[in-house]
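After this come two complexes, each holding subunit A, first together with subunit B and then together with subunit C.
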Partner chain A sequence: MAESELLLEVRNLKTHFFAEEGIVRAVDGVDFTVARGKTLGVLGESGCGKSVTGFSILRLVQPPGRIVAGEILYHGLHGADNRALDLARCSPTSSQMQSIRGGEIAMIFQEARTSLDPVYTVGSQLIEAIKYHQSLRQEQAKAWGVEMLRRVGLPDPEATFNKYPHQLSGGMCQRVMIAIALSCQPKLLIADEPTTALDVTTEAQVLRLIKDLQEELGMSMIFITHNLGVVAEMADEIVVMYLGKVVEQTDVKALFEDARHPYTQALLRSVPQIGKKSGERLQTVPGSVPHPQNIPAGCPFHPRCPSRMPGLCDRKEPALLPLSGNRLVRCFLYDEDALKGANVHVANT
Partner chain B sequence: MIKYIVTRTIAMIPTFLLLTVFGFLLIELPPGDYVTSYIRAQAAQGNTSAADQEASMRAQYGLDQPIVVRYGLWLSRFVRGDFGDSFEFRRPATEIIGSRLGVTLTISICAFLISWGIGIPLGIYSATHQYSRTDNFLTTVTFVGLGIPDFLLGLLLLVTVWMLTGEVLTGMNSSAYASAPWSVGKVLDFLKHLWIPVTAVVITGTAWIMRVMRGNLLDQLGRPYVTALRARGLPERVVIYKHAVRNALHPLVMSLGQTLAWLISGFTIISLVLDLPTVQSIYLRAMLQQDVYLGGTILILIGVLILIGTLLADILLAWLDPRIRLY
Partner chain C sequence: MSMSPTPESILEIRNLKKHFPITRGLLRKQVGVVKAVDGVFLSVPAGKTVGLVGESGCGKTTTGHCIMGGTPVTSGEIIFHHPQLGAMDLAKANSAQMSKARCAMQMVFQDPNSSLNPRMTIFDIVAEPLVVNQVARGSALRQRVEELLGLVGLRPEFMQRFPHAFSGGQRQRIVVARALALNPRLIIADEPVSALDVSVQAQILNLLQDLQQTLGLAYLFISHDLSVVEHISDSVAVMYVGKLVEFAPTQTIFHFPKHPYTQALLMSVPRPSPTAQPRAVLGGEVPSSVTPPPGCYFHPRCPFAVQQCAEIEPELIEVAPGHFVRCHLAHELKLEGVGSLDLSVSK
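Entry: the complex of A and B
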């Protein structure tokens, strides 16, 4: 990928939480890139660190959590020397970080209603965000706010402007959140499971809306979800996360046609499909996600892996390997050197 | 909003009537009445002839009527502003309460303003600097403040001053100024006495408000909307003071409803211990003496203040939080 097409590069990001009971390695070595105008899907089960990755990019991780290693290179600012800004090195409270939040990189959340302050009207929260990033007067900001509410498809935007969050439905609240997030025309939108709390019909509408607005504004997106169907619809590239690590990165077509990592394969098998024999039991990923303070040695997925190789997978941790077709996999099955060295026989998968 | 206030005010009338019924019943509950205790007191001094006046005294005070009639008479006079005379002091109840209201309100309003004025900022600081050295220090101090009763603190201050200067600062004025007209000297003397009860009440009050404010604000700071506000690039001071603090004030505003009544009914024990001429000490005395009209008037006054306080708190809450406004 050419440098100019890149908007965000995350390299070896590690965000740990220093709890009293021990260290939780919520994000433990995440690498990915987001191209301009494209959508990166971040896929994983609950607790795999996908939300913490999103919060880390915006430097919103609160103590006892902090970024302990890695780089978050943002290429969206046109500095004189055209160099990328490492967000991991910015102070979370600096004015530079504040202007990036909302202005350059915006975020929307799972629970839209609880993500709005209950005691202010949606209009005042919208104006507040606009006025901090753009030097607009009150009337101009208000006009722009109403215009944003109209663009996210809210009926009667002027009336909605003066309503409180509790007077709106969940879907409407999410549209308001999208309006606030996009009001300052960010170059990157981090969407953290924005439709999980919505019913299926509303979900489809909101996803459509996000996609349309993305095209209109030409922005990039990091779409965090655990839903394979949603990620297939929204993403161009996908990273699959497991216990704080990226286990596979590929484009969306290849992921669904030819997943390489045993975890991704297991996830794909667990999706219910129309046209399958009825009465057949739905497959699940065997076992459950280990406790974050009790992560298994070696490859963290090996206790649940159908193709694990005793003597290798439970001893050493696999690296993220580049494969043909711009894809990356973290698995010994594709590491010929490791296979030779450990001298294990691989079952034909 | 106006409709809400009007409905809320009208709803207070039946509550007030119920309050007078219970107030009157509470006064009537203990066996005997003022005449009984008066005769007992006279007999203890060797005056047995008082027993002969029993029936005439009852008739004089209307105590021989059935309870419903007595309640009706009492209430009809009550709403006309005649709260009856104190049996013990043989003066109108209002006059006795009025003469003590100034001192009571001076102490309580000073204590209220200082403890809220210190408690809220310290609570905010503590919550925004959770587990810092200052927070841990303040937490320790507040636990001590909450653990020691105010009357004990008052007593400790009193004894300390006595050991250092030899002065016993009970009451609100030295005997030299007790019946003198107000002058600069008397005001200074009054202030010299005032700080002891105020300090004692402020220490426990501040500790409580700080704990409540810290807990609420920490709860609010963990809410998703705070993360969302930060994600919009708003400066931390806006996130905290404009949003989180406003949401965290709810329980304190609710407790304002009780605070209005607390102004004349709080710190009763410290009033007794320091011998302060407050409404609280006369209230307790009236209750013990079965001085019905004086005790009843104070009881109803406390109840009315709770009603008004709750109304004001509700209006304030409705202004703070749109979800409470019932259209």
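Entry: the complex of A and C
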């Protein structure tokens, strides 16, 4: 990928939480890149660190959590030396970070209703964001706010502008939040499960809206979700996360046609698909996601993995290996050197 | 409509209505009514699974509560065929009859964290229905609890632990074990896998299917997830703003729907295949059940609506044996099911 097409590079990011009971390695070595105008899907189950990754990029991780290692290189700003800015090194409270947050990179969350302040009108929350990042007068900011509400497809935007969040439905609240996030035309939108709390018909509306606006504004997106169907619809590239680590990175088509990591394969098999009733039992992943304080040694997925190789997977941690076709997989099954060294026989490749 | 009473059905609901009054002011004067459930017809055959689907606020959970006697019914019949006591109408049952009926039907809720008391051990939780109904005590009680935990795939050694020591999937297994304690014939499962991780959902769905086979249970499976409902159900009921709009065998609902809302729901399900056609987006919002539109509740969003739809409320009609639809145009419309979607690529 040419340097100019890159918007964000995350390299070996580690965000740990230093709780009294021990260290929780919520994000433990995450690498990915986001290209301009493209969508990166981050897929994973609860506790895999996908949300903390999003918070880390915006430097919104609260103590006892802290970024302990890694780089978050943002290429959207053209400084004097034309170099990327490492967000991991910025102070979360610095004015630079505050202007990036909302102005350059915006975020929308799962529960729109809890993310909006119940005691302020929709309009005043919109104007707050607009006036913070742009030097506009009150009337101009209001006109822009109403225009944003119109663009996210809310009926009667002038009236909605003066309403409180409780007067709107869940889908409308999510549209308001999208309007706030996009009001300063960010170059990157981080969407953290934006439709999980919505019904399917509303979900389809909101996803279509996000996609249309992305095209219109030419922005990049990091789309965090656990839903395979939603990620198939939204993403160009996908990273699959398990217990704080990226286990597989590939383009969306290859993931669904030919997943390589045993976890991704198991995930794809365990979900019932509409229109394919067979009457058979579902294939399951045995066990459950371990507690983040008791991450197993070696490959973190090995206790649940159907193709685990005793003596290798439970001892050493696999590295993220490049495979053909621009894909990366963190699994010993594809590491010929490790297989030779350990001299294990693999029946199931 | 008359849903023919089959001797094998364990639960039959006829024109169930549950209205909640909206009161205001000091004298609690009634100013309106929420028609949470407003015309539900259902029939659950013994040993089979009926899926109940619809969007939030459509009254599917309230339907479950009405069956369990959690809230008094406004009108309609809920005929439950009790294995020992025969047919009884739960809509009119008194509390003594109701508590007998509840021994033969049980409920599993969405969130296992909030449906287990954090201060009770697993033994106490699973034993509680047996103790309350004076079914077993002493060593017999202990044996029965061990047996129940074995049924749901939990090791009996964990009996003295508290719920916090278990994962979400294991907690849902505990909830299922408690529901099975009194040997029910019917389980009302209200979104039982929605709060679980994707990789754990499949385990609980398989458990429910295994238990159905070994114990001959019937399920009323309430869910908003159509893929899960298709997988587990023998027939499916679709609700919209308190009303049953379509009820048919699973294959029929998913491949030959007759109600435009059913079609819209099917088309809006996200499909795990990047080459699938883009989803059809249904415009508009679900109307409020306080001020529903006149005529058919779905007509403002319906692409096929004609003049009649805005004026006359459609009745539930049987378009084919066992296929009930609430639509004026049920006989004329040619709708598409999920078979029309491109699903060929993904595994």
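Going forward, the second predicted complex is superposed on the first by the 344 of 349 C-alpha atoms of A that agree within 3 Å, B and C clash if a C-alpha of one lies under 4 Å from a C-alpha of the other, contacts with A are read in each partner's own complex, and residues count from 1 in each chain.
By definition in this document, a residue touches a chain if its C-beta (ideal position, glycine included) is under 8 Å from a C-beta of that chain, and two chains touch if they have at least 3 such contacts.
Note that the coordinates shown come from a computational prediction; the quantities given were computed from them, not determined experimentally.
> So if we stack both complexes on subunit A, do subunit B and subunit C clash, or do they fit?
fit
> Once chain A of both complexes is superposed, is A:T284 in touch with subunit B (first), subunit C (second), both, or neither?
second
> Counting only touches as set out at the top, which of subunit B and subunit C does A:S115 meet: first, second, both, neither?
first
> Could you work out the angle between subunit B and subunit C as seen from subunit A, using CA centres and rounding to the nearest 10 degrees?
70
> Decide which partner touches more residues of subunit A, taking subunit B and subunit C as the two options.
The partner making contact with more of subunit A's residues is C.
> Of the partners subunit B and subunit C, which touch A:N227 in the superposed model: first, second, both, neither?
Touch status of A:N227: second partner only.
> Which partner chains sit in contact with A:S94 here, subunit B, subunit C, both or neither? Use first/second/both/neither.
The answer is neither, since A:S94 touches no partner chain.
> Just checking: does A:H133 make contact with subunit B only, subunit C only, both, or neither of them? Give me first, second, both or neither.
A:H133 contacts subunit B only, not subunit C.
> Under the stated touch criterion, which partner chain does A:I180 make contact with: subunit B (first), subunit C (second), both, or neither?
first
> Touching A:R208 in the superposition: subunit B (first), subunit C (second), both, neither?
Second partner only.
> Touch check for A:N162: first (subunit B), second (subunit C), both, or neither?
Neither partner.
> If you've got the overlay open, could you tell me the nearest Cα approach between subunit B and subunit C in whole angstrom?
8
> For subunit A, which residues lie in the overlap of the subunit B contacts and the subunit C contacts?
The overlap between the subunit B and subunit C interfaces on subunit A is empty, containing no residue.
> Per the contact definition, I'd like the list of subunit B residues that touch subunit A in the complex.
Those residues of subunit B that touch subunit A are 223-225, 227-236, 238, 243, 246-247, 320-323.
> Would you pull the subunit C residues touching subunit A in the complex into a rising list?
These residues of subunit C touch subunit A: 55-56, 167-170, 197-203, 205-206, 209, 224, 226-228, 230-231, 250-251, 254-255, 264-266, 268-276, 278-283, 285-286, 337-339, 341, 343, 345-347.
> Help me check something: in the complex, which residues belonging to subunit A touch subunit B?
These residues of subunit A touch subunit B: 55, 58, 60, 93, 98-103, 106-107, 109, 111, 114-121, 128-129, 132-133, 164, 166, 177, 180-181.
> In their shared complex, at which residues does subunit A touch subunit C?
Counting only subunit A, the residues touching subunit C are 45-46, 169-172, 199-205, 207-208, 226-230, 232-233, 252-253, 255-257, 266-277, 281-285, 288-289.
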